[in-house]
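What follows is a pair of complexes built around chain A, which joins chain B in one and chain C in the other.
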Partner chain A sequence: MIRTKKLDEKKLNFWESIYIVEIVKGLVVTMRHFFINLFFPSRIITVSYPEENLPLIGNAKLKSLHRIKLRKDGSPKCVACMMCATICPSKCIYIEADETENYVEKYPKVFNIDMSKCVMCGLCVEACPEDAISMDTGEIVGGSYDRFRNYKNGGLFLTKNELFRHLPHETISKSGAANRLANKYLEDKND
Partner chain B sequence: MSLDIIKSDLIQYFIIYKPQIFYLIETFVKIGILYGAVMTLAGVLTVGERKLSALMQDRVGPNRAYILGFTLWGLFHVVADGIKMIMKEDFMPKNANKILFTLAPIISLVPILFVFAFIPFGNYINIFGYTARFEIIDSNLSVFLIFAFSSLAVYGAFLAGFTSGNNWGLLGSIRAQAQMISYEVVMVLSILPVIMIYSSPSLSGIISAQGENISGFIPKWGIILQPLSFLIFFTAALVESKRAPFDVVEGESEIIGYFVEHSSMRFAGFMFGEYIEIVLFSMLISIFFFGGWQVPYLSDSGFTLGNISIPVNHYIKVILELLSISVKTVIFSCIFIFIRWTLPRFRYDHITKLCWNYLMPISVLNLVVTAFFVRAF
Partner chain C sequence: MPKINVDGKDLIANDGESILNVCERNGIYIPRYCYHPSLSVAGNCRMCLVEIEKMPKLQTACSTIASEGMVVKTDSEKVRKARKDVLEFLLINHPLDCSICDQVGECFLQDYYFTYGLRKSRFKLENKNQKQKRREVGKYLVLDNERCILCTRCVRFSNEVTKTDELFVNSRGDRAFIDISPEKGVTNKYSLNIADICPVGAFTSKDFRFKQRVYMLQTTKSICTLCATGCKINIWHNNNTIYRITPEPNIYTNTWMCDDGRMNYKIVNSSERLTHSMINGTEYNKRQTVKQVFNKLSKAMDDKLRIAVVLSNYLSIEDNISLIYLAKNVLKTPYIFSIESNQQKIEDGILINSDKSPNSNGIKLLVKKYGIKDISEYAEYDIVIGFYEDIKNLRISLVKTILFSYKKSSYPCLIALKTYFETDGSFINWQGYLRKTAKVVNSPENTFDLHHFLMEVSHLFAVYPDFNFKGIIKDLKYKEEGQ
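For the complex of A and B:
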């Protein structure tokens, strides 16, 4: 048996059936929006991304642009262990390691992140044993036509120069085992 | 034969054919003014439609195209769209009739453009004793010629669908024929009372008749004498321009329309033709029902209302009259756009029913009643 469904169509009364009144009603609604938006453009809630950004709410800023934290003396906390590059699902991190002068640890000679590939999953932050890489800058990467141009010039390519930095008014973090060792070494050296 | 003889011959010819030469120059200037204005307005409407609809829906609309850092409120999108259209692939389907397929966009564009030749876009101007009327072709039957030529545009829609070898295109063109041909009847029937009231089948006659006043202060415009005709003509104009709420022809969600297979500048011909049609019908509405170039109370002697009269310079009067029809045309083009972005689409059978069951009898009744009143008084 064919299943049927009865629709209760509302019968139009006379004024509805000649359309004109209803058309005017509809026009009143659209015209109200039109003239309000014409004379008060600030009421339009569109944000012209990427020139404008909304402030990030709550912990949303913990999934923003990457950075590498720095120690007291300005050297990176990163020890080039390749954890982040290994776990990265989109393979957007490229690291070249080198020895530091104290022969205690390694440091990244090259640290590149291709933001056109990054999926902002945050796994690199979770994987980092040194608490070096973090995504807490609060900046959002804007759209760009050139993925290989430097981030500072409107591109999507992050190198050491953009990654190694303090946040404004940041106290230097001392967490992480190798970090503690290195800090201690620096203190001993100063003494 | 020496040069002097040629020179004197030329001067003689110039003296003999002076009126013809002046007429030629005048006609070219008028064509330049009118078609320049119409093309510019149609071009601006393509981006204006996006902008107005954006404002109605609380959006910003196109604002990214720029030249040297200036965006000019998104006006450069006209140029960007044009360049995009030219650069696209010019596609020819395998099953298409190549000649008619190419001819279709031209046929839908040219008759509409030709109609503008009959439209008076101003009264007259007197420069150093030479009088020029703002009308490219001055015909006594211009109303009928306009409808004859604008109805040719249906062949563009018809050929495009039939010759593209695509079933969706065929469906679209069948829908286009059905609704456009049936509404043409209603359109002409709704204009007949206007012709009867002003007792002139020429556009310039209708406009100059609208310069008079009823009981001294109400302008004798078509909207006041024939409001029913206005509503019917406006509805028919919406259908003829194949736009929402009567856009089952295109019906983006079900069939793309009669121009499915047309790409690049072929498609641009249809799209631009649609916007030129909007300008044409806005001009016709302002001429039939809102006095065309007439400014209320303005005549050759200046503004007159009762006993008060303010004299106006001839050139200022000409500019006021040109502004009058331009403003009316722009306003009606905007209303066309507002209606499109306000109303949902009519169902196919509702469109046909609206035409033959309601608008047709009403316009015939209107015609009979008007004929009675015109004869009686």
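For the complex of A and C:
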């Protein structure tokens, strides 16, 4: 059943109902902003997104552009388990898995995210058992005229090249279900 | 016929039937790992425990024979607790591998954990037993011993079904693992069934490994066309690609299927695939091909050449009916032949038939209906029309043929066909059952349904067929399932 709620509209008084006065009042507000912005540009409180961004505060950083975390040796933590692609409500993650020689056995040969479809819900991050995909880059995806151009060239399409990266000064994450195997692999590599 | 009571329902068991089977027949599901309907009962996993009145301990439903007056509870507090404990026990040494395990989506550990377990592990990750991971076994399998729950389904399969005895349980206790007899190796022709029956991700298929998650695939029922047995199969596919084939167990023909049958889907995208019709070294699209063949045939008819049409055991009934129609009503040639197939026999006692053509029985019925001669009466003809696989064995001079094929070859006039993964067709298997293949993927643009192609050629000759396949097939004497 659809629930309905009746709203009592406020009755207009005489001056409001002839509109002219209200229109003039509105114009005054608009003109005030116009002249303030014209003569004191430093007092503008909006930014021209997407060319400009405000710095993100607090945990807002954790809902920004995706990346795939890397291990110490630069190999991706992602093991192409497809959990993120499965849970993603907008089905914008495309992964092709392949076999590796090392202990972990599986890695993503192709990993694409179509940011024009992403709704920034963060479910992929929640679902990842390897702590691989994360949305902690602090970058905000801007508008673009070309969905399928690469993100680096101003488009909205993320591939392995843009996704696989360390952040500056990050402590490398060591959690994840396949970590026992990953550590074995890293140990072997150091020998 | 003992009467038993399960969860308050009175059920009638067959003599010697286990409680699990009685419940299964009556729609009561009992969780199991080691029990498999087509293998002997082992009773080692303890997942199927049920409570039976007057028995002090819980009993395994798979190995307890139902007897008169038993009162069974499959969902009491005690049973639920036992299941939870068995699961915890099975998972003690189980690795955290789901993210790299191919069984996800069809794993009984996962499924039962969510249905019956849901208990946090009390066992530390570092203390888990470690065993050999990824081990290639035979041509088609990968074994991961850490994931194995030692249900011995695989061992029993190799003992009882293929009777090759390659697998055995090595060592004891928590160090036990599945091993492969070194002198034998897994070389049997049914090895991929082991990946199917393994309830967890210990045995997985090398071919399907990491390609897709199973829950992302759709299944379509079809039949295997690699031999006269005509096993019923499930084709797993998505986005116009086939990823694997598994058997569709049925009481008529097959519980299992052979490895070659499973790999048969590779023809669809193989490099040998004929994607355009090739006439004298030139590729033609569909329309041009029909035109070319029409020109060739009408010229031959004007010259009063002798044209022979050869039916094929590899093609569906529909396609063969169209061939007969073309010969009789369009080309008006008396030279219609069939090719005798190998003797039909299950050569290894399991499934593989000595007759490698899927439709010999269908052709036999058509031959009887239309009075068609055998190719042994073959003499010299000016043009031979037929299926490539048949004709290549007949040593007919190359130039004189119009052949239908999936594969590239050196014959000068080849018409590209759709495979039976790309079109539907009816076949009659060696037992006489009528079965249909199903279209699951799209074919390359310039390949033909054979019967469409033949009808188009007839249209150019201004002959318009007035029959329907359903009617003709209905008249054939085939068996129907359920009889």
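Descriptive notes on the structure:
Keep this in mind: the second predicted complex is superposed on the first by the 150 of 191 C-alpha atoms of A that agree within 3 Å, B and C clash if a C-alpha of one lies under 4 Å from a C-alpha of the other, contacts with A are read in each partner's own complex, and residues count from 1 in each chain.
Assume contacts are C-beta pairs under 8 Å (C-beta built on N, C-alpha and C of every residue); 3 or more make two chains touch, one makes a residue touch a chain.
Remember, predicted model here, so these are calculated numbers, not experimental data.
By the touch criterion stated above, A:Glu130 is placed in contact with chain C alone, chain B being left untouched. Once the two complexes are overlaid on the shared chain, A:Ile45 sits against chain B while remaining clear of chain C. Legend: residue contacts after superposition of the two complexes on their common chain; A:Asn102 is shown touching neither chain B nor chain C. By the touch criterion defined above, A:Met31 reaches chain B but does not reach chain C.
Of the residues of chain A, not a single one touches chain B in one of the two structures and chain C in the other. Interface residues of chain A, counted against chain C in their complex, comprise 79-83, 86, 97-99, 103-106, 129-130, 177-178, 180-181. Those residues of chain C lying in contact with chain A across their complex are 95-100, 104, 125, 133-134, 209-211, 213, 215-216. Touching chain B in their complex are the following residues of chain A: 20, 23, 26-27, 29-31, 33-34, 37-38, 43-46, 48.
Of all residues in chain B, only 52, 55-60, 63, 231, 338-339, 341-343 touch chain A in the complex they form.
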